[in-house]
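In what follows, a single structure is set out as C-alpha cells and then discussed.
Going in written order, the chains are labelled A, B, C and D, and every chain counts its residues from 1.
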C-alpha cells in the first residue's frame, strides 16, 4: 500500500500496513517488557555483586524470550513480505499469534522465578516450552494458511515457498523433544530453546543469501 | 498519504497516518500490558502447577480483554479504511476511544483478582462489563459520526455503510444484557463478554467476504 | 518522505517520518502507562465497590494526564504537519519534549497517591503542575523554533502561524496561575489542569474549521 | 520502500521500513519504561517534598538513560538514513542492539536504588557503565558492518562515512575510562555517562550542519 499506484477502490480489504503496525507494536512491546522480569535485588547491601550474579536465570530467560520473539518477528516479517494481500482469516490468525507473543512475558517470569527449585523448575520449564511451541506453531500455521489461501505474491517461485515452509517446520519438532527433556533436566531444555531461537535467526541468513545478497544494480536510484 | 500524489497544499488537516500510528500504538500497548495482570505466584514451592492452574481467572480475563481490544482494533481498522479524511471532532472522539481502550487493563486486573469471592466478583464483573460497553459504544459513535459528517469515502455504497453499522450495533445490546446477568452469575457474564468479542471478530470475516475475497487480477503488478 | 518523488540525494537530513514514529511511540506508551497508576485495591472483600469509588483521585489524575498528553500530541501533530523539514536542533528539542512527556506518569502517580492528605497534596499538586507547565512550554518552544528557523512550509500563511502561536500561548499562563492556586486548594488546581487540556483539545477544533472542514473535491480519487 | 516506484520483484529482502518500525518501537518503549524506575515514595506524609527531593539519583539515572537511548536512536537514525538496503547479518546485529537497548531499564533501576550506599554503588555504577558501553559498541559495529558490507547508499561520499565513524568512536573510549573512574567515584562516572550522551547528541548537530541546514530550494513542492 506504500507504492506509487493508488489503492484500487475495488480492493478495500484490511490494509497490510496497519496489520504490520499493530504486529510490530506488539512484538516491540512484548520484547521490551521482558526486562521487567528481571527483579532488582532489594537490600543487597555489600553483596550486590553476588545478588546480581545470582540473577543469571533471569538473564538466561531474557535472552531466550528475546531471541524467540525476535526470531518470530523475523519470520513474521518474511511472511508479510511475501504477502500479496491479507484476508479476514489471516488477520484473525495474526491476532491469535499476537495473543501468544504478548503472553510470553508471563512464562518468562515464571521460569526466572522458579529455576533452582527442584520440582517447580520442571513445571516452569514445561509451561515455558509449551508457550514457545504454541507461538511457533501459530507462525507456521499463518504461513501455511497464506500459501493455501493464495495470499502470497504470484511471482513467488514454488521453491521459495517450500524453502520457507521447511525452515519453519523442524523447530516445532525441536520444541516437542525439548519439552520432554525439560521434565527431567529443565535447564538443558531452556538452553535448547535458546538454540532453537538462534537457529531460527540464523537460517534466515542462509535463506536470505538467495535473495538478500542478490547484487542490486548500482545505477538505480536509491530507494 | 502514502500514495504517489503529493498532499494538496490546501488539505492541511490532521493526517490520518499519524492518527492511525497513535491508535495502533495505544491498541498494541494496551493489549500487551494485559499480561502484567497475570501475577506470578510467589513461594508456590512444590504446588506451582496447582498455583498456576488456580490463575485461570487471569487467563480468562486475558483472553476476554485481548479479544475485545483486538475486535475494537479490527473495527477501528475498517472505519479508518473507509475514511476519506478526518476532522477535528473525529480526532477528539478517537482520543476518547483510546482513553477507554487504555483503561481496560484496570478492570481486567480487578476481575482477575476478585473472581471467586462472592460479593466482590459481582462488583468486578459489573465494572468490567461497563468498561467494555463504553469502549464498544464509542467505536460505534466514531463510525456513526464519520458517516454523518460525510468523512467516509464517496465511492462507498450505502449498503456497505449500513452493513457495518448493523454489525456494530447488536454487540451493545449484548453488553447491557450481560451486565445485568453478571449481577447474579458473574462468570457467565464474562464468558459472554468473550463470546461478544469473538462475534465481533468473526462477522468481519463474513463482512470481509464481500470485499476481501474479491479476486484480484493476477496480471497486476504486486503492491 | 512518503510522497511519490524520491528523496533528493542532497537532502539527507533526519527524516521526519522516523521523528514522528518515535514521537508517536512515546506519546502512545506514556498515555497507556498511565493506567498502571491506578492501583487495584487488595483485600477489599465486600467493600470492593467502596474501595473502587475511593480511587476517584486516580481516575481524575488519569483523565488529566491523558487529556494533557493527548492535547500535546494534537499540538505536536499540527506542528509536524506544518513542518517542511527538521533540523538537528529541532530533533533535540523534540527529544527534550519527549523526555518530559515520558516523565508525566510519575507526577500522575504522586498526585493520585497523596491527594486527601492535607500537606502532601499541595506538594504533589505543585509538582504535577510544574511538570505539565514544562511539557507545554517545550511544545511552545518547539513551535517557535520551527517558525524562527524557517522549518515550516513556505506556503503557510503568516496568519496561520500566528493563530497557532496564539493558541499555544495562553495555556502557559493558565498553568502558572493554577500552580499558585494549587498551593492553597490543590483539587481546584488539578481540575483546572483538566480544563486547560480540554481547552487545548477544543481550540484545535475551531482552528481546524479553517482547514480541516474545507470541502474536498469529491471527484478526486480517494487517497 | 515508501517511494513512488514499486519494489522490484527481484529485491525481496527484509524491508527496512519494518526494521525501522520495530526499532523505533523498542527505542520508544525502553525510553518510556525508564519512568517506572522512579519509585513513588510511600507514606511520606508531611515530608513528601523532602522524600521527592531525595529521589535525585532516580532523576539523574532517568536523564542519563533517556539521553543515552535518545542518542542511540539518533545514531541509529543516521545509519538507517544512509542505508541503501539491509541484509540478514545487519538485521541480526540490529536485533542484538535492540536487546541491549531494551535491557537498559534494569541497570538504570539498579543504579537509582543503590546510589548512596558505599560499596554497592560502585557495583551498580560499573554494571551501568558496561551496559552503556555494550550498547554504544554495538551501534558502532552496526555502522561498521553496514559500510564494509556495502549496504550504504552508493552516492554517499567517503568523507561523510568517515565523519560518522569518527563521531561514533571516541564515545567508546570515554565509557572505558569512566567505568574505571566509577570504581572509585561512582557519581562522577554517571555524570560522565550523561556528558557522553549529550556529546553524542550535540555532534550530530554539527554533523548535521553539513547536510541538514543545506538550504532547500523553496520553489520545490513541499514534501
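Methods note: contacts are C-beta pairs under 8 Å (C-beta built on N, C-alpha and C of every residue); 3 or more make two chains touch, one makes a residue touch a chain.
Note that the structure is predicted; figures quoted are calculated from it, not measured.
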Residue-number overlap at the subunit A/subunit D interface, same or different (half cut): different
Fitted rotation between subunit A and its twin subunit B in degrees, CA, nearest 5: 90
Length of the line joining the C-alpha centres of subunit B and subunit C, rounded to whole Å: 24
Intercentroid distance (Cα basis), subunit D paired with subunit B, Å: 34
For subunit C, residues that touch 2 or more chains besides their own: 2-7, 9, 21, 25, 28-29, 33, 36, 153, 155, 222-223
Residues of subunit C that touch subunit D when the two form their complex: 1-7, 9-15, 17-18, 21-22, 25-26, 28-30, 33, 36, 84-89, 91-92, 95, 98-99, 102-103, 105-106, 109-110, 113-114, 117, 119-120, 123-124, 127, 153-155
Complex interface listing, subunit C residues touching subunit B: 2-5, 20-21, 24-25, 27-29, 31-36, 38, 40, 42, 44-46, 48-49, 52, 62-63, 66, 70, 73-74, 77-78, 80-82, 153, 155, 201-202, 204-205, 207-209, 211-214, 216, 218, 222-223
